[in-house]
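Letters A, B, C, D and E mark the chains as written, and numbering starts fresh at 1 in each.
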Amino acid sequence: MADIINVPTLSHLIFLPLIGAIILLILPFKKNKIINWFSFLYSLVPFYYSMIIFMKFNPGGGMQFQEKQIWIKAFNIYYNIGVDGISILLVLLTNFLIPLIFLSSFKYIQEHLKMYYISFFILQTGVVGSFLALDMFLFYVFWELMLLPMYFIIGVWGGKRRIEAAIKFLIFTAFGSFLMFLSILYIVSYNYFQKNVLDFNLFSYYNMQLPQLAGTLCFFGFLLAFAIKVPMVPVHTWLPDAHTEAPAGGSIILAGILLKLGTYGLIRFIVPIFPKISYQYFPILLILSVLGIIYGGFLSFAQEDFKKLIAYSSVSHMGFITLGIFSLNFYALNGAVLQMINHGLSTGTLFLLVGMLYERKHTRMIEDFGGIARVIPTFTAFFIFVSLSSIGLPGLNGFWGEFLVLLGTFQEKKIYAILGATGVILSAAYLLTAIKRVFFGEVKYPENERFSDLDLREWILLISFSIPIVWIGIYPKFFLSKISPSLEVYLNMIKGFLK
Amino acid sequence: MMEIEALSTEIFLTFLGFLIILIQSFIPKLKKIFVPLILISLLFSFYLTIEKPKGFFFYDIYYVNSFSLFFQIGILFGLFITILISQSLLKKDGLERGEVYSFMLWASVGMFLMASTDNLILIFVGFELLSLNLYILTGYYKETQVSQEAALKYFLLSSFASSITLFGMAFYFGETDSLTLASKTPTYLLIFSIVLMSSGFIFKLSLFPFHFWAPDVYQGSPSYITLFLSTLPKFATISVLIKIFYTFLPNLFFLYQENSVKVLSIIAIFSMFIGNLIALVQKDLKRMLAFSGIAHMGYLFAGLIASSDMATKSVLFYGFAYIIMTMGGFAVLGIIGGGENEPRLLNDYKGLGYVYPFPALVLTFSMASLAGIPPFQGFSAKFFLFYSLIDAKLYFLAIIGILNSILSIYYYVRVIYFLYMKEKEEVLPLNLNFYSLLGLAIIFVSLIYFGIFPQYIFERATKAVEVFIGFF
Amino acid sequence: MILEGLILSIFLFGLGCMTFLLRRNLILMFLGIELIINSANLAFVVFSANNNNYEGSLFVLFSIGIAAAEAAVGLAIFISAYRSFKSAYIDFFKILRF
Amino acid sequence: MVNVMMTSVLFYTFLILALIFGLFVALFRSPLYSLLSLLGLISSLSVLFYFYGATFLSFIQLIVYAGGILVLFLFVIMLLRLEPEERGGEHPAFKVLAPILFFAFSAAGVGILFLKKIEKPVEGYNLPIQEFAHKLFTNYGLPFEAITLLLLASAVGAFILAKRKI
Amino acid sequence: MELIILLIPLLPLFGFLLNAFFGRKLKKEFVSLIGIGSVGLSLFFSLYLIIIYLLNKYPEPLNFNYYSLLDFIGLKIDFGILIDPLSVFMLFFVTFVGFWIHLYSIGYMGKEEGYSRYFAYLNLFMFFMLILSLANNFLLMFVGWEGVGLCSYLLIGFYFKEEWPSNAGRKAFIVNRIGDFGFLLGLFLLFSEKSTFSFGDLFSGGEIYLKYATPIALLLFMGATGKSAQIPLYVWLPDAMAGPTPVSALIHAATMVTAGVYMVSRANPIFEASPTASSIIIIICGATAFFAATMALTQRDIKKILAYSTISQLGYMFMATGAHKYHYGIFHVFTHSFFKACLFLGAGALIHSLHTNDIFEMGGMKEKMKKTHWTFLFACLAIAGIPPFSGFFSKDAILSSLFIEAQHKNWVYIFYFLGLLTAFLTSFYMFRLYYIVFWGKPRYKKEPHHEENVMTIPLIVLAIGSLITGFLAIPVEKINLINKYFHPFYKDLTESHLSPATEIILIFASIFVALFGLRIAYVLYKKDEDFVLANNLKEKFNSLYKVLFNKYYVDEFYNLSFVKPFTLICKISYKFFDEIIIDGFLIAIGFILQMVGEILRFFQTGNAKTYAVYIISGIVVIIWLIL
């Protein structure tokens, strides 16, 4: 018993939020303030625990903190979780973002507070569980667990077109994940026919030998699920709507974490399970990634809605990550994993900032602002700072991810790196244009003169986000050293499969 | 004496029905004790059922084994919830009379008999006992034309279908010279008879092209009847269909594999598509749930077609899950809403998620579960079912099933957004009392519990299917 | 003799269905069902004779009983429906549709 | 020989009669006529039952069906004072579909029947009434009990349903 | 030592942090103290370093690694500083010029809003510029490279209340990004061959063997064209004049824009490995130098003139590197930083006192602003290349190195003469500016302010600098300090192959063109106070004038051929591809499904008989199908 309390295990990370949700559900809190503070403080606990785990994490140690417990005996399904270099940062990021999201919601969310926090807690469980699960069934359960809370977050606290956005999100995601479900079932049953063991352990399926057609179909089943989540072009259209309509917190978690699940899935599932098939399709996937980078940039540039602009920029940035994954290069892979964190931080913060703007004037259109840099200089400074991180200015976090991805891709496939690098120009183009239109120039509307600059809460939020942004920017090795040993092992494994 | 013990639950329920009618007729003031009485008795009958001696009784026409026990327990469970839920609804309509409970109990007796025999006579008698009580139940509510129309349609079509079944049974008897379901060498006449015989059961499952009654009847009947009508009879009928398919399909496969699987797959696929596509455009919730029920039976039927051990287990599990999910849906539709004569329009449920948090939550969970989203029971059920489909190499059905599941998400989720994401306009009244609250709680807990830990029920289902292993 | 009986039974079944489809009057439709039941009974009896197995005839006994019960309930439903719709024609019972 | 001839002539007569009555049931517009045709059908069937050796059943058929159920029908028809259906009051599609389906089904059924090898009919088969009764109360005691419940339920149900107000 | 060297870039960073976070709450004096103090300290430390370094008689390059940014197998990137002749040279003038311009800013910016912001940006710029100069690997250099770009963006857009400065800033950043795109790709290509970014590993051997030398060199040069405003990416620099004038002086004249030259000089082995690349550099930059000079001829905005002249001068610098005389390039950077900073500051002083940029609204300032006038004259003489001012020496060195290059690449003669022509043009437009502004009738509307000491002292310092720095490279072998200084660094590249006679001819040629330009300017703008002749010429060559005045319509061309299509593509991809094709496809699917649902609904007629039809026909069909 003492062990359970003293040593945070991965199960703590997964289930503490869920317990939080249940506590919130049961306890008869009525006052908004109490609910706010309770949720915020409670969410610090998993963060604290994940920091401890992060500290204890041994980079060279492969899969760690494993827990294995039989779950559904009839199907040999295990509650099997563990963490390695690929997931550790993502888990940390998740637990880092949640308290901040809560803090950011203090003013933004006024209605149905309890439900809001419960949704987030469940979402957190789902996300962390998905990152940690090593059993395919378990993974799928956690993966789908995120569906409804996110749906609620978008649909209940979102903007005007929230319902369509929520439905679109749900249908897209469910479409992908149901097909993935089918693929999981197929490979499990295929394995059963081959070896006569029912097995849901993820690692037993690495380098799965499947018949060509079935393998390809399963590959696409998996791919679609993750590609939608990432999102890769051309299945990205849910993202702008969902992002735009979601409340600030929802956008942050969506951009920060949920999209990462897609790329995480690409790394953890698709490439190792179908190494040969995916190798065949790498050219297409790389083209799609590059297309995502460029096309996403184009789309961002054409936006009038500030949030939508950032949403489309996500498409572009996620393109870098997939590019890094599919180029199958050590640096690129490192860059991709780092870029997941970077994108989570910078785009998350951008959404936070846009949310703060929204709090001040209930609109998201770029047109409705203009020249407010004079009114809210600190805010502007932070905005530019974070945008620069998103643009990939060296010395801030975004650069290292993009740099490593492009560097690695360049070693493997030059043309994709060259095309991908144009994204660097594009991101500068659309973000700076937006900044110019929103912050610079004359103050267009007199009512904007009354905007208040950052208050203490917002300061704390932004500073908390800025710390890792700068930290990764000036000392990326600290984080990369945690992930690169695992990725090396991983890459060698994949290359071994491909021989 | 053993035989009495083996039949104890049925007898107990029958007499409970009598007792209630008697009390109702002679001491109507004791109305209040009906529900507790029945609940206690049901608990007792759980005990009785579990304690039943296993084996064959009554000249081998009635058996107690894990298969029949699975269904009996399931039916008791469903009955328990039904009675919990229906009390407050009946009371609201001023219709709370003992007979309703009696008919429910007797219908359950019919279902019990169907589940625990291979004999066609007993199956048919049980089936008719069930149907007859259902006719009465649907016609019970006489306030509106709709409910009368529903009862009439149900009666006409159902008795039509069961007379077809009877006709099929006659030919079955003629071909096999026996009234017991047992593996026989297939001939054309046998197949002819099986098709006719199954059609009545398929009718009860509301599968394409026998599904047309379901939406009308579900919509027209009061919620508490729909709750009963849409779940337990289907569950019990599954037992008969399993027996029929288990007995014949392997042989049919052997002879006419292509054709029979194709035809049955067509039934399954059409049921899924028709159910889901029409549900997509429904405005009335009860009707929508009816169509969704058609789709679900389509999935389930796909499992029946596979007719492997794994598939049958999954079908059993699915059937059980279906009871809980659908009951959740209809229960909440009954509990939130005006009188039973008012339609359950989607629009009326705007924003009620915040007004009645708990019932709305149950409805939400039921919808999510029907949509097959983890961690609810519907997901586990779908998981088992689709796994067994793939296991049986029915890939096409599995793919169609998954596509349909995706399709269905839309309208299930629509309910959720009406509940939580629209501004409320007018607040429908709530008819919640202790019993219905308890019922909702049971549904709520089992949706989640059996979703996360399906092991127990799946083991039961496994045991139930083991009975059939000798049949192959 | 057996074959003829069976053919009759099939024809009667068909006629029962036809009655159900042709007639609009509820009672007449129900008569169609009765026709089907009777055809089944006939089949039972014929097969019983053919197979030299009286179990079929036993079923007939049950089916007659069930038919009686069904008739009782069914007619009660008709009466009740007639009362609220003031009509005995099936095409009036079309509130629930689509 | 004559006896055999007689039986077969009678048999076929009632066979055809049954068919004709069946057709009448389907075609008569008036409930009353239809019902009377059904009565005729049931009577002919009872005769046919007799020919198949099920004497007991032929009586049961007459007594229960003709005497019980049909009378019930008659009673309801009289109670509701149902008029004959007027012509053209319904969708013509049914008029087309019904015969088509009838023929399709009959063709399939009869075709299948011809495929079946019918063994030689058992001459002078008689329902062994004693064994029959024995079996009814032993082997099929349970369904028999169930039928009683069914009848009871139907009685209560019919009572409740037919009431104007519960 | 390690710590001191680290302090040189870090001090401005601290200054930045202090000013950025607390600047608004501090008094102006404190802000200036922090801003100037930090730069002053780092100037102090760098002088200390330089003295030590020079006293040590050019030891081996010092390389300090502080910590690892990245540490992978095969890829190790350190935060490290390299001290060698090149970086010391850069360090000196960056901190020196930077310090004086900081000082000048106190006066210039004294009354502006956002004073602390200004100093914060300026300090940040110093930090990045120093990182750029001191970095010991390409990646860290790139950090500085992009960092200065950022600061340039921020400072150009400093007056954000108006539209065009922020537009200009954006343009600068994006155009720079395009260059950086090439730079980055060059780095990748380099890495894929050499697996390292470290200057030590790459260049210590002097020569470098590269398979893709030309692409690498050209891609790196693309980065340089962006940063150093060469064709085709020069368009941002004229616009960048939207920023405060000291910023133009520091960033867009003296330091940042020369980063490209610095980078090329730093990466000289790569350019050495590719003669093609060098040739291309000469061509592009020669053309830049010439065209920029022509564009400067007709401008009215004082800062624009200076900006084009900067572009033109940068072209010179690159031409030197293209002719393999990297040290001359760097030397011109050095001298240019003094006189161009001086010019800009002088222009700043004029603008500050007159509140206009138009030279035709000035005039006769000679009397009003004496110190400014003299310093401006010094700088003009320097840039025009009139001995003994510094510009003469550096420009002559470049021209002669071009001449040397031409001896084995004959076509380079064209560029030599182009260089001479440019020198003539330079001289002409500078003195045009000078005469119009300082002589003639006063045309200003408001009475000018008085000169302030904070502003004049830097002017004087820089003017002196532009006078004396030239003597570092007297074109005589033995006393050419620059040659000597860079000798260990560039080894064999420093030797001259020209006979003294040729050299003297060349020197006279360049003096002659400079004086000729001066004379024409004198005739047109000094003697003729109402510019009648000039106007006549303008009328006569109206079309040419218009083309020049509109800068060959390059901005318009870019706008039409890149910006407009780009915006259009973006709009199309959003409105058409995303909304109509992809979303429309999905909507269509949804619609079709709904329609199918609606159609299927109608089978549910409500008539029980229909249902019976379905049932019976279902059974019949099933039977027919199965059998």
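Basically, a contact is a pair of C-beta atoms (placed from the backbone, for glycine too) under 8 Å apart; a residue touches a chain by one contact, two chains touch by 3 or more.
Computed from a predicted model, the values in this text were never measured in an experiment.
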item	value
Set of chains adjacent to subunit D and to subunit E	B, C
Central chain of the complex, centres being mean CA coordinates	A
Dominant interface by contact count, named by its two chains	C-D
Distance from the mean Cα position of subunit E to that of subunit C, given in whole angstrom	97
Rounded Å distance, subunit A centre to subunit D centre (Cα mean)	71
Distance between chain centroids, defined by C-alpha means - subunit B, subunit C (Å)	26
Chain centre separation (subunit A, subunit B; CA means) in Å	42
Where subunit D touches two or more other chains at once, by residue number	94, 97, 101, 105, 108-109, 112-113, 140, 143, 147, 150, 153-154, 157, 161
Residue list for subunit C, restricted to those that touch at least two other chains	6, 13, 16-17, 20-21, 24, 29-30, 32, 41, 46, 48, 50, 55, 58, 62, 66, 69-70, 73, 76-78, 80, 90-91, 93-97
For subunit E, residues contacting two or more additional chains	601, 604, 606, 608-609, 612-613, 616-617, 619, 623, 627
Pairs of chains in contact (touch as defined earlier), listed by label	A-B, A-E, B-C, B-D, B-E, C-D, C-E, D-E
Subunit C partner contacts - residues on subunit B that touch it in the complex	120-121, 124-125, 128, 132, 135-136, 139, 142, 144-146, 148-153, 155-156, 159-160, 163-164, 166-167, 169-171, 173-174, 177-179, 215-217, 219-220
Residue ranges of subunit E touching subunit B (in the complex, touch as defined)	593-594, 596-598, 600-601, 603-604, 606, 608, 610-612, 614-615, 617-619, 622-623, 625-627
Touching residues (chain side subunit D, partner subunit C) in the complex	8, 11-12, 15, 18-19, 22-23, 25-27, 29, 31, 34-35, 38, 41-42, 45, 48-49, 51-54, 56-57, 60-61, 64-65, 68-69, 72-73, 76-77, 79-80, 82, 85, 89-91, 94-95, 97-99, 101-103, 105-106, 109-110, 113-114, 118-119, 121-122, 125, 127-128, 131-132, 135-136, 140, 143-144, 147, 150-151, 153-155, 157-159, 161-162, 164
Subunit C residues within the subunit B interface of the complex	6, 9, 13, 16, 20, 26, 29-30, 32-33, 36-37, 39-41, 43-44, 46-48, 50-51, 53, 55-56, 58-59, 62-63, 66, 69-70, 73-74, 76-78, 80-81, 84-85, 90, 93-97
Residue numbers on subunit A that touch subunit E, as the complex places them	234, 237, 295, 298-299, 301-303, 330-331, 334, 371, 373-374, 377, 381, 384, 388, 393-395, 399-400, 403-404, 406-407, 410-411, 414, 417-418, 421-422, 424-425, 428-429, 432-433, 436, 439-442, 474-477, 480-481, 484, 488
